[in-house]
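These notes open a run of structures that come right after.
In what comes next, chain A is part of two complexes: it sits with chain B in the first one and with chain C in the second one.
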Partner chain A sequence: MIKYILIFLVLIGMAWLFFPLVVEFFTPDITNNLAANYVFGSAADLNMPNAVTAVVVTYRGLDTLGEVTVLFLATAGVGFFLKRKKHMEGIRRPGSEILKTGSEILAPLIIIFGIYIFTHGHLTPGGGFPGGVVMASAFLLLLMANENFGFSHGIINLTETISGIGYVLIGITGLVLLGLNHFLDPRWLGLGQWGRLFSAGAVPLIYSFIGLKVGAEMSGLLDSLQSDGGEQ
Partner chain B sequence: MAENILIIVLSTISLIAAVFAVVTKKTINAIISSGVVSLMASITFLLVAAPDVAMTEAAIGSGLTTVVFLYALKHVRGQRSSRDD
Partner chain C sequence: MIILITGLLLIIIGFWAMLTRKNLIRIIIGFAVMDTGINIVLVAIGYVKGKTAPIIDKAVTMAQGAEAGIQAVDKVVDPVPSALVLTAIVIGLAVTALMLAYAIRMYKTGNSLDIDDFEEQKW
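Let's look at the complex of A and B:
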């Protein structure tokens, strides 16, 4: 009983803490200097309709590289700790008929939607990270529906390696072609026509690499969670 | 105005789900209701004009995290004698 009272006390305290933030929140009419630079620069310099992608991939590209590295380390850690108990290979329960039939129809569509999200990251909302995770969720659906479904870990590792190396190589190409302070600058590839798929320099390439990498990592993570330790 | 009412409704549902996740006895109920919290958060993000964050939250928060927790629960149950259900 005392536990529930404490929970509600903490909730009320949090509400009291955050209430001023909610009440005083307003949407500013004018952007400050930095934001204005980002918003107008993404249209003028980079020829990119989606300003969020311009910030994530170009202006804050180094942070994104770090983020990809952190994700890689996290999935590598999970894989390392789960792979040690290989002898616990369990019997998998087959999915129901509804799940099987549904996954046959839905999984290809979800994969194509994921590819759409990361290839159109510079035009529409989304990008490499959501696209990769959406792709991984399609693989999860297949994994749950079919008891014999498994990935070739060689292909997954190959995709991951090629994407990671490709991302860094694109950054270094900017460094070589444009000058010293242009690491991860996508403008070495032509800017193209406004709003087309092949525009905004190397951004579609970068986001495709990130999407493939995230998708491969997440699918590998789910597969190693699935194939390990299920002994019921 | 209608948007505000919808946001208040969604926040109320996610509050109820969060409290339920803490007070419930079965671990699987807690996992499902924390997935509900993420789903409500993703709809809220969509309403405040952040579709990319909403997409990520729906896929990671309510999709993959729930499944990873379910797998973790399976592992824990495999090692202990399943006593909490």
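Let's look at the complex of A and C:
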């Protein structure tokens, strides 16, 4: 009984903490200076319509490196807790006819849609993170439909490890070279024409790499969950 | 304002679920609800009255390049919270998967999903 009272008190305390946030909150009529700068810089400096991508890839690129590292650590943790077995025990039911036929038609389309999302990240909503997850959903469909579907673990692990370490090293290099030169500035590639696929410097390239990495990590995560999730 | 309160309520509901539920899977669902609440609060803070998404297209301006930047500044919302939430959703998914992996591991060692059966991990 005392436990429920304590929990109730904790929740009341949380609500009390949030209360000033609600009372002092107002929706502003104009964007603040920082946001205005980002929106202007996205169009003027980078020739890129999507200001969100400008923030993710360029202005806050180092933060994104950190977030990718968190993602990498979470996936590595899943791989650590769930050991991948070499042989499936064959206890899984095969997928139904509808699922199998549907997955054959849909999976390639979903993968292409994912690639479209992350290559057009600088023009339309989306980018590497949603694109990678959409790609992983195609692999989930294939995993559910075929009971013997497996990835080449070696390749996925290698991709994950190399890109993970590479991202961290690039981030550290960026920290060391901070202020010295234009490291991590995507303008070393041509800015191109407004609104075209090949524009905005190296941003589509960077976002494609992020998309591939997120896709590989999520697929590896699904694979470890399903190969260890069955009964023993 | 309503969106902000909804997000804060979701945070409190998720926290309540994490504190009171006994089943590990339900605790993880509580965490996911809390995660969604935090994302909603972030998006609500970034909103500017009557403005549209920070992507310059026909709805904002037809201009190109630097000129588009000047015209778009007072027509779009703050892009920073959107960028934060974009990555936070995917990371929330990965963290939820990590917690589920931990739950599977606990089920295999302790043969139970009830949090009360893991007394030896209490302090």
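The rule is simple: the second predicted complex is superposed on the first by the 171 of 232 C-alpha atoms of A that agree within 3 Å, B and C clash if a C-alpha of one lies under 4 Å from a C-alpha of the other, contacts with A are read in each partner's own complex, and residues count from 1 in each chain.
One rule holds in what follows: a residue touches a chain if its C-beta (ideal position, glycine included) is under 8 Å from a C-beta of that chain, and two chains touch if they have at least 3 such contacts.
For clarity, every value in this text was computed on a predicted model and none was experimentally measured.
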item: Partner with the higher number of touched chain A residues, chain C or chain B; value: C
item: First (chain B), second (chain C), both or neither touched by A:Phe81; value: second
item: Touching partner for A:Arg60 - first (chain B), second (chain C), both, neither; value: second
item: Which of chain B and chain C A:Val52 touches, first, second, both or neither; value: both
item: Which of chain B and chain C A:Ile117 touches, first, second, both or neither; value: first
item: First (chain B), second (chain C), both or neither touched by A:Ser42; value: second
item: First, second, both or neither for A:Leu11, with chain B first and chain C second; value: both
item: Contacts of A:Pro125 with chain B and chain C, given as first, second, both or neither; value: both
item: Touched partner set for A:Leu140, first chain B, second chain C, both or neither; value: first
item: Touched partner set for A:Gln226, first chain B, second chain C, both or neither; value: first
item: Chain B/chain C common contact set on chain A; value: 4, 7, 11, 52, 125, 127, 129-130, 133, 218, 221, 225, 228-229, 232
item: Of all residues in chain A, those that touch chain B in their complex; value: 4, 7, 11, 52, 88, 90, 117, 125-127, 129-130, 133-134, 136-137, 140, 218, 221-222, 225-226, 228-232
item: Parts of chain A lying in touch with chain C, wherever the complex brings them together; value: 4, 7, 10-11, 14-15, 18, 21-22, 25, 27-32, 34-36, 38-44, 47, 49-52, 54-56, 60, 64, 67, 70-71, 74-75, 77-78, 81-82, 124-125, 127, 129-130, 132-133, 194-195, 214, 217-218, 221, 224-225, 228-229, 232
item: Residues of chain B that touch chain A when the two form their complex; value: 15, 19, 22-23, 51-52, 55-56, 59-60, 63-64, 67-68, 71-72, 74-75, 77-78
item: Residue ranges of chain C in contact with chain A within the complex; value: 1, 4-5, 8, 11-12, 15-16, 19-20, 45, 47-51, 53-57, 64-66, 68-70, 72-74, 76-80, 82-83, 86-91, 93-95, 97-98, 100-102, 104-105, 108
